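In what follows, chain A forms one complex with chain B and a second complex with chain C.
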Partner chain A sequence: MSQKGLSLPLLLRRSLLHRRGRTAAEMIALTVSAAVATALLTLYASLDQKLHHQFRAFGANIVVTGQSSAGNAGLPANALEIARNTAGSDARVVPFVYAVAQTQSGAPIVVAGTDMAAVRQMNSWWQVSHWPETRNSAGTGGPVEVLTGVRAAQALGSDRFELVYNGKVLSAQTAGTLRSGDADDSRVYLPLDIFEKWTGLTPTTLEIQAAGSAQHVQTVLQRLRRALPGTEIHAVHQLVEAESNVVSRTRSLMLSSLVLIAMTVAVSVLATLTASVFERRRDFAVMKALGAAQHRVIVIFLAETVLLALLALVCGYVLGCGIADLIGEWNFHTSIAPVWRVLPQVALLNVVVALLAAAIPMRLLRRLDPATLLRGE
Partner chain B sequence: MDESQEPIDSAQDTIIELREATRQYKGRAGEVRALDSVSLSVRRGEWLAITGPSGSGKSTLVNLLGCLDRADSGSVWIAGKDVHTLSRQELDQFRAETVGFIFQQFHLIPYLTALENVMLAQYFHSITDREEALASLRRVGLEDRAAHLPSELSGGEQQRVCIARALINQPPVLLADEPTGNLDAANQEIVTGLLRSLNQMGHTILMVTHDPAMAQMADRIVELQHGRIVAERKLTATSPV
Partner chain C sequence: MFSRLILESFLRQRRRKLLAALAILLGTTAVTAMLAIGTSVGDKITREMAAYGANIVVYPAADALDVEIGGVNVRPATAGSYLRENELAKIKNIFWRNNVADISPELPVTASLTSGQRTVQVPATGYWFQHTLHSTDPSSGESWTMGAPALHPWWKLRGAWPREGSSEIAVGSELARQLQLHIGDTVLAQGQPVRVAGIVSSGDATDRTLLVPLGLAQRWIGHPGAVRRVYVGALTKPEDALARKNPDKLSPKLRDRWYCSPYANSIAYQIQEVLPNTRAEQIRRIAQGEGTILSRISGLMLLVALAALVAAGLAVGASMTTAIVERRQEIGLMRALGATRVIIAGLFFVEITVLAVAGGVAGYLLGSALAHHIGDQVFGSPIAFNPALLPATLLLSLVVSLAGSAPSIWQATQMEPATVLREEG
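Right after this comes the complex of A and B.
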């Protein structure tokens, strides 16, 4: 026998356990709501980061070049350092310098000097058979390992070749070929320091990949313009706009899905709650006959609903974090950690869905006529 | 019957008084007068049986006396209060304090034990008191069944729990709607005995019944037809306690 008096928690516990089937149906609907909301809001919160990560694979979104009107297209000597400091630690900055050399047969060929490690990170979409791993300094006699574009490799005809620039000869060995689908395929890439020693030229272009939203890219752009006067700086608009559009549309899609799912769940919970009130109308009528004020009967009903919504929140949050992580693995190939700040939002959504769904059943409750019901009419 | 407009408080032995009470409902065929200018006075401690065929207005009268409904015209005084003047919230509280319901179909909450069903009336009245609820069950001979759910009790036992629930807040008026209508003969006897002893202890009982034998237990029988009192019979010579 219970040693306690009768209290609201006891009433709720007894009622929910007694109606196991209905309770389970309401719990499942509200858990699905919480899980979907958690998954979508977690993904939504991580969306910028994940999509920017994806877009980073497409290369630079800002290009800095020496002013062509100045006659000398070279960048200031400290341009690379300034650009790195200005663009931020999460940005990638890769220097490039180009020259037209000659092959052994006298054919012109574009040769580029760059930071191989940095370009490998920034242009991860390049299809490279093998990146140069070791390099010999010019003048030591051994061939320099280079990355040769597929069209350039065809023109050269051999993996080992010599290039001539201003009468200076460079012995090179193709470490791997590059296929990008554009002008890069016709070039030979070699390490920047070797290129500089061989040609005496310094970087003329900085390709920068700024991480973040389109607004952030614009901010970086403005800062670079202030920090590097006398250079030409422009955004790769197609890439920045495409990224902005994809982020914006994906967000809209996710929010729309969330609203639709919440509405579907609300309808499902509404049906369950209405059936529940209908089944228990005599119990509520008895409470009214025993002197329960209208608001006390409604509080009992709402407390049951809110309790279920909060229990479902706990289950749904755990489930939703798992779903978000799986979606992250499948789509972005990275894990998505739980985002605690979405918990209050999911709680609010779940309680609002439950209360919205309870609105019509509450109306039924208010209109319950104990006199009629208790006489079995 | 008393036709004066004075509150009944002045008459200490009158606990219920209806004055020209009328209640009508809108039906498909127009307005139906379920209760038509009924005047009725019940003395404190009286056992009144209300009889009549279906549709005679018994239910409507019970609803008015149980404060579950309001008269369209006329007045209903219970324990010195004109219930028409009470707000909805005051009426809920007044019902909890003044009327104990005994239903034909018991209407116990299925997921609460017998003890908890009794305490439910306390819960909506003020605060729950387990010992008091147990005492109420003891009074109807069901203390040992306190922890049982209604589904584990017989019909007679459920009705006795219903009576214990009706008594727990010590209301001056017990409203019994066909209290033995769903019981076998043995349980009818037990419940009738209980009502008799409650009446002897001073409880005012208003009982709706179709059963002439049950009606004979009362001090007075009022017969309704077409919403009006058509007959009234006093059965005992002595006044109730």
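Right after this comes the complex of A and C.
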């Protein structure tokens, strides 16, 4: 048995190449199992981040205001810049300033100044018929293009109107109407620079959207409190609490699905390997008849299985990353990058499943009686 | 003879049947559970989304503009018009009445509060706390308990909510700190003694206001039965292209579909129908956000269910191949004894059908029980048995089992009986 021609690698190579159909079936089963495990684990690993990203649809979850019980206290001049630097690159920060102006009929109306481009990004739920041009006619002396809430538009009656604040008149032109279903519907929004020039007020509120878990929001909150002393900063509890709840439930659901599917895949591997042993009983019987020890036959079989499992792992991992990415594109409209740390988990799962699946057919091997088998009974 | 062959096969080859049966059982269990979860996850998450509060607001159509900054309404309390409190039960008469989970009227007022020597003007809002709303149809005898706390789950209360019709109030935590008010204190509000029943912390502008029973706020402004606006929490379906259409411009058939879908827009529309001279609007920040999350999570779970489907198909197919491979010799013997290929194929297909149906039914039951359990664990409410999944599961298990075994059966019947019998033992 120690002849060169029958070394283990050679035996393995022959065995794998000789019955191509069988090897292919095993490879497919093991590859699919690795691919499904990789895809689900990758999805699971990036689930929190992807979901929290989706929760941006709810807008700002941190609000910074000037500290004053009287209401409209301005923020420090550089507050916006500090907040942008502190909150992190993926956070959105939008400045707001409000004033109560009078319409031509003398009725009070809330006018707000904001960064139009930034608010458009953050408040994605705003239904706007037409956004004002970012560089509008401020310099030319014509009316200012504004965004008018639907209720405000109804009350004002006309697209061209004048607003009075502290005796100063602003002539405005509605570029588009805004529908949100809350207080915004009663307001008129103008670009921040024009608002500041008109009223002399500077931003009083920063709305910040820090995408992430409740813990992350809390960290950002603490950092902001240190960076912006003298301001009032609070999280929007309404959003933060509900968000963690939904994310954690989705994660548990995903985990149960993962276990269930992993079990199903394991059965398919088990079935395939059993068939493989069965088809090759004769080969093993010949080996035994030629004097191979029981353990050697088993080692060959196991080595074959592990080799296939590892090979399938590589193919499955690549395939699984592709599937995860595809699901990300379909469902979250962003790609999902391969997560390296799932590789050991998938490897462990694949090899364990393969060995487990091999253990059952191995019992068949052990009971093999070469004489009976070879005689053809 | 044929039926006896099948019976004997099941009685004598129990071990071989076991693997195939196990694969079918597990595959259908996984598929049933995943499909049950995938189809009901939207419903479950919708209920979780109730934590975001109201998604529809109703206000008088002729109302003056809100003058609200930072959650504080600075509009004079006398301006504008009101809704009538006694008409609110009509909201529970709309087509989607069962989707209306909560109704919370609000009446913002300004109150003068005297505590010790100090008198301050503070914003106050009249709410229902635990209001019993009776159906407008007295014969039905239905009633619901509704109010602001259920629509604001993020409000943290110390003490108790004010009782309806009492002279009790709750105080926002920030205001309570400023005025050094404690639970059980008695203060003068609008000249009348009121008792502080609870202190509310919300993290928003409510912290600086008084929360009072609606009746009390109405007495303060001298408008019995007046309500400024009503917040409605409704279980809705994510908005799609149809939801955004104007119902009055749709064809009658499409309009019916629009009307009979629980979109935020159609529920708002139906509220406007039962409460004339009002405007009902979806609160887009909440309604749209909920829609986004809902469609993403449902989409994700359906894709995962699809993965389960593929995995189950593979498992069943592989185990069927195995089952046939193991029985090649038997096939050879039958062929040698003169059985035609059709008879042999028929025999195997009947066997597999029996296995697939039995495994499918058992898998359906097991999978439904599993989904029930997972729903209970994850959402605190079980996922109901869905009978519609039974035919789907059965069909799937049949198709996959037959398709998975057909190639092997074909291969086995093509072999020369002599070769098979000699080759394998």
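Descriptive notes on the structure:
We adopt the following convention: the second predicted complex is superposed on the first by the 298 of 377 C-alpha atoms of A that agree within 3 Å, B and C clash if a C-alpha of one lies under 4 Å from a C-alpha of the other, contacts with A are read in each partner's own complex, and residues count from 1 in each chain.
The working rule: a contact is a pair of C-beta atoms (placed from the backbone, for glycine too) under 8 Å apart; a residue touches a chain by one contact, two chains touch by 3 or more.
Please read these numbers as outputs of a predicted model, since none were measured by experiment.
Of the two partner chains placed by superposition, A:355 touches none, neither chain B nor chain C.
In the superposition on chain A, A:17 makes contact with chain B only, while chain C stays out of contact range. By the touch criterion defined above, A:298 reaches neither chain B nor chain C. Touch counts on chain A: comparing chain C and chain B, the chain ahead is C.
Of the two partner chains placed by superposition, only chain C is touched by A:257; chain B is not. When the shared chain is aligned, chain C comes close enough to touch A:268, but chain B does not. When the two structures are aligned on the shared chain, A:242 is found in touch with chain C, with no touch to chain B. Residue contacts after overlaying the shared chain place A:281 against chain C, while chain B stays out of touching range. Across the superposed pair, chain B and chain C both touch chain A at residues 282, 285, 374-377. Taken in their complex, chain B has these residues touching chain A: 59, 62-63, 66, 68-69, 88-89, 92-93, 95-97, 101, 103-105, 107-113, 115-116, 119-125, 127-130, 146-147, 165, 177.
Contacts from chain A toward chain C in the complex involve residues 25, 29, 32, 36, 39-40, 43, 51, 54-55, 57-59, 65, 69, 71-72, 98, 100, 107-110, 123-127, 151-152, 155, 179-183, 185-186, 205, 234-239, 241-242, 245-246, 249-250, 252-254, 256-257, 260-261, 263-265, 267-272, 274-275, 278-279, 281-282, 285, 327, 330-332, 372-377.
Chain C meets chain A in the complex at residues 19-20, 22-23, 26-27, 29-30, 33-34, 37, 41, 44-45, 48-49, 51-53, 56-57, 64-70, 72, 74-75, 152-154, 178, 202-204, 208, 281-289, 292-293, 296-297, 299-301, 303-305, 307-308, 310-312, 314-319, 321-322, 325-326, 370, 374, 377-379, 421-425.
Residues of chain A that touch chain B in their complex: 1-7, 10-11, 14-15, 17-19, 282-283, 285-294, 296, 369-371, 374-377.
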